[in-house]
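Each structure below is given as structure tokens.
Two complexes come next, and they have one chain in common, chain A, joined by chain B in the first and chain C in the second.
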Partner chain A sequence: MRRLIYLAMILAVAVPLLLGASRSPSRLVSAERMYDVVDTLDAKPGEVALVWLDFGPGTLAENEPQAQVLLEHLFRRRIPVVLLSQYQQAEAALQRIPKEVAERLEAELPGERWSYGDAWVNGGFRPGQSIFIQALVNAPDVSKFLGRDVNGMPITHYPRFAAIGGVEHVKLVGEVTGLVGVFDNIIQFFQKGGYRPTVVHGCTSITIPEAYIFLDSGQLKGLLEGIAGAAWYSEVLKRHYPKSDNSRLLAVNTALSSAHVVLIGLIILGNVVALWQRARRRDG
Partner chain B sequence: MSERQPIDRRAQVIRAFTLLGGVYFFLYFILPETAAESLGIKARHEAISNGFIVIGAMAVGLGLFNLVSAHGSRIAFARKGWAYSLALLVGLFSMLAVTAAQWRQSLGITAEARKAQIVGEFAQRIVQDAESHAAAPALAVRAAALRAYADGLLDQIGATLLVGPPAETPLGIELRAAAASLRGSLPRLEAVPGESLSPEGKGALTDVGRAGELLSAALGAFLRQESSSTMVQQLYTLLYEGLFNQLGSAMFALLGVYIAAAAFRAFRIRTVESALMMAAALIVMLGQISLGQLISDELPAMRQWLLEVPNSAAFRAIRLGASVAALMLAIRMWLSIESGSFSSRKR
Partner chain C sequence: MDSTTAWGSASILVGGLGTLAIFSFLIRENPFYRFFEHLFIGIAAGLGPMLVIRDFLWPNVLEPILGGNVTAFPDGTVSEPYQPLYLLYLVPMAFGCLYYCIYSRRYSWLAKVVIGFTLGASGALAIRGFFGEVIPQIVGSFKPLVVMGEGGIMIADSINNGIFVVTLLLVLNYFFFTFGREGAIQGRIAPLGRPLLMVCFGAFFGSTVMARLALLVERVQFILVDWAGALRSVLGLG
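For the complex of A and B:
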């Protein structure tokens, strides 16, 4: 029986992907709120967005699309992005994802450039978690505190990031993670003298229930709930930027939806079988 | 009469540092900014935080030492499972070696880009020194030195990088344009007088500085593109993207299959509570897939309500309880009540 269930799950994911099936995602209000927050973000010259990519291979499938849509939106709005991580296994994602997003945008909009050092800088993995965040928010100049980027170049070398100044010039903090605890660090410690930047979050499906308490309290302004959240965000992006290509993300979301349908079917089947067994026992 | 226990100095030192560290961060967190400033803590906080981060990072080294020690001995004495230990250590050392080589390569690229960065910094420094009347060689001498350095750098870039097919790539063309821009701005340095800085001289130095910055950025991007085809980079991509990422993703993907099997068995209606839980799970799942909207337009809204109201209430209660427990545990650790492992004495 277990083998049949495994087979059903594999087919549910693989068949839609192989057939290229694609359905419009379900509307998620939390993702829409996040879109509005990023879209109306008032970042003046010298102000930046700080995006933490705290995920490794384990949750890459869920967190990568979230990081992609968030960075795509920030890049389109020409808001400079500082990338950081509290998780050492995120190193490859920090290097690859912004580069791929920039290349996709450059292909979509010939003549426009999103280059490293101008659109984004990669501050790399930073150990220390809550201690590091407390030191960062208390630093008089974020650029100087971060020191060098992942290539060993001083961050002050890049004109758009040369003098960020205090944490008041970080207008948006994005945290994309599936890990427990790292998002709490941002909520607890990323504040100084009454200043709290706008915080948005991309989480895995497992951590959605926990993230909702911060969304409800207003500490979190927008949330991407797993792949479904990223898919709906990409759909909203496409409405505003019709050339944006979200076909791959919609295909993945469709495959995931198909797996959900199989799961729901299994739950119903399990109950029908249980009822039938109970009835047989009662009849003797 | 009972025998007197010897004093465990090692444990005492650790307990003292734990207490002091806790006192420091506690005070820094609760003291107003003005009080931290007047006590002189604020100015030293960055250095102290960095010290704690460095100590924390040492845990990685300790972990590495433990790993090598535990698995190395298993291989050396051919204990059960030694082949797995060998695979682990081979993986560890190959990844370490390739990552170190890639890091070295990256530092080399940065050092090359830094050569161009110096042009911009030097030009900026000349202007600053002239404006603040700092003791420095004559302006014309410094401008000539800047020009000679930039000319030498441009010749080197032209002879080594702007040749062959890589020079025709988009980044190669960008590098060529940046080099041409700097070359074009250099003759203007002749306008820099020997004594005080004129507006024309300042303009020339500013232009050279900007061109140097542009060249540095273009050079860095070009060299990084070139390095992507080196053996070290390809090995890194193979190990990290080809093996580590795929294996890690596969491990996590297995969860989906297990959840499906568990759902079949566990979500059975036996009581009113289990029926409620199953109904909530079905609504949440249906509400986030497109099929849900086909069944009813209200499903996403119902899902949202479930997550925002009953879920948030329950999770707040859980978090509150867990936080109180965490606080108690933190206080016990701070006061070294939970510090049995610090002691060198066997219990």
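For the complex of A and C:
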């Protein structure tokens, strides 16, 4: 019986993917708020967005689409991005995701370029978590503090990142993770004096209830809730940039909805059968 | 097929095999699953120290101490003068290394000094972090029960805030164990927090299931699209 349930779940996911089913995602206000925050971000020359990609293969399914839509939006707005991670297994994501987003944008808009060192730099994995974050926010110059990128090149070598200055010039902090405690480090320690940057967050479905607390208190200005959040963000992006391709993300979101329907059906079926068996035992 | 494409295809094929091996556990435990499970653990365990050395210890600590960041040009000049103050990094490093004294019966007390220092620093950080995180949440929980908008009372927002405040008070009250619950009022109010907590746990469980399904969708898509495509390409079928 257990194997039949596994089979039903796999079919529920595989059939929509094979058929290419794609439905428009549900509207999520928190994702829309995040879109508005990024869209209205007032970044002057020399100011940057700091995006932490703190996820590995374990939560790639939800965090990768979130990182993609956030970076796509920042790249479209030509806001320079410094990528960092508190999680060692994020190494591959830090390298691959911005490159893929840049390639997709260049294919969509021939003649325009999003290159490494101009659109983004990869500061790589930084151990130390809260201690590192405190040192970063207290550094007189973020570029000099970060030192070198993953390629061993000084970050000051790249003109758009040469003199970021203090943390006040970090206009946006984006944090994409499914790890418990990692996002808390940002909320707890990414502040200097009276300055707190605008913080947006992409979380996995598991951590939505915790992330909502921060959204409700205003510590977070926008939130991407699992794949559904990324799907709605991509839909809003598509409305503003019609050539943006979100077909793969919508297909994943549709397959996820299909799996939910089957799961709910199985829960109802299980309860009905349990009630029926209980009634039979009672009757004799 | 050029080397980059071949390398990409090989990665996808191995990734797909790994996925199928782990999924094979759903049928029953088997050597194929065991092999990939150990492979994953080994990779994860080896990757961590390697990245710490490559991305942190070498460029930020060892290279400056050894003067490796100083480039000598053919004309005899250097990119930057060697900074002997970097040698001070050796002091905290040596202090941290005392942790390994835990393996010695005679000198294990030295490890306790490091542990004590770490606990003290962690405690201080936790207190600071607590205020940075929780105070704004406490302030955020002071919500108006009647929300006024431009057109008068905003009914939906007022109801939302009302539910929030009632839930907050009832759940806080549920964990209030200073006095007994035998009284007429507390005896009736305290249990009301319990079903609200159950709703919260239900939301947590539902979101956990959703996250697991998202992982399944991503893996199934990887197998159906990327892996099958790479397999077809290698077999010359497409």
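Everything below uses one rule, namely that the second predicted complex is superposed on the first by the 284 of 284 C-alpha atoms of A that agree within 3 Å, B and C clash if a C-alpha of one lies under 4 Å from a C-alpha of the other, contacts with A are read in each partner's own complex, and residues count from 1 in each chain.
We take it that a contact is a pair of C-beta atoms (placed from the backbone, for glycine too) under 8 Å apart; a residue touches a chain by one contact, two chains touch by 3 or more.
Remember, it's a predicted structure, so these values are computed and weren't measured experimentally.
Engineer: Does the chain A-based superposition show chain B and chain C clashing or fitting?
Structural biologist: clash
Engineer: If you stack the two complexes on chain A, which partner ends up touching A:Ala259: first (chain B), second (chain C), both, or neither?
Structural biologist: A:Ala259: touches chain B and chain C.
Engineer: Under the stated touch criterion, which partner chain does A:Val29 make contact with: chain B (first), chain C (second), both, or neither?
Structural biologist: So A:Val29 only meets chain B here.
Engineer: Output check: A:Met9 vs chain B and chain C. Expected answer is one of first, second, both, neither. What do you get?
Structural biologist: Touch partners of A:Met9: chain B and chain C.
Engineer: Figure out whether A:Phe145 sits in contact with chain B (first) or chain C (second), or with both, or with neither.
Structural biologist: First partner only.
Engineer: In the superposed arrangement, does chain B or chain C reach more residues of chain A?
Structural biologist: B
Engineer: Looking at the overlay, what does A:Leu17 touch: chain B (first), chain C (second), both, or neither?
Structural biologist: The second partner, chain C, only.
Engineer: Report for A:Tyr241: first if it touches chain B alone, second if chain C alone, otherwise both or neither.
Structural biologist: Neither partner.
Engineer: Kindly classify A:Ile131 by the partners it touches after superposition: chain B alone (first), chain C alone (second), both, or neither?
Structural biologist: both
Engineer: Looking at A:Asp216, would you say it contacts chain B, chain C, both, or neither? Reply first, second, both or neither.
Structural biologist: A:Asp216 sits against chain B and chain C alike.
Engineer: Out of 111-119, 129-137 or 183-191, where does chain C collide with chain B after the chain A superposition?
Structural biologist: 111-119
Engineer: Which chain A residues contact chain B in one complex and chain C in the other?
Structural biologist: In chain A, positions 6, 9-10, 13, 58-61, 89, 126-127, 131, 150, 152, 208-209, 213, 216, 226, 256, 259-260, 263 sit in both the chain B and chain C interfaces.
Engineer: What residues on chain B touch chain A, complex-wise?
Structural biologist: 25, 28-29, 33, 42, 45-46, 49-50, 52-53, 56-57, 60, 106-107, 109-110, 113-114, 117, 213, 216-217, 220-221, 224, 240-241, 244-249, 251-253, 256-257, 259-261, 263-265, 267-269, 278, 281-282, 285-293, 300, 304, 307-308, 311-312, 315-316, 319
Engineer: Help me check something: in the complex, which residues belonging to chain A touch chain C?
Structural biologist: The touching residues are 3, 6, 9-10, 13-14, 17-18, 58-62, 88-89, 91, 124-127, 130-131, 147-148, 150, 152, 178, 184-185, 187-189, 191, 204-209, 213-214, 216-219, 226-227, 251-252, 255-256, 259-260, 263.
Engineer: Under the touch definition given earlier, write down the residues of chain A that touch chain B in their complex.
Structural biologist: Touch list, chain A to chain B: 2, 5-6, 8-10, 13, 23-30, 56-61, 89, 92, 115-118, 126-128, 131-132, 134-135, 138-139, 145, 150-153, 157-159, 193, 208-210, 212-213, 215-216, 225-226, 228, 254, 256-257, 259-264, 266-267, 269-271, 274.
Engineer: Under the stated contact criterion, what part of chain C meets chain A in this complex?
Structural biologist: So the residues of chain C in touch with chain A come to 26-27, 44, 47-48, 51-52, 55-56, 59-60, 125, 128-130, 132-133, 136-137, 139-141, 164, 200, 203-204, 207-211, 213-221, 224-225.
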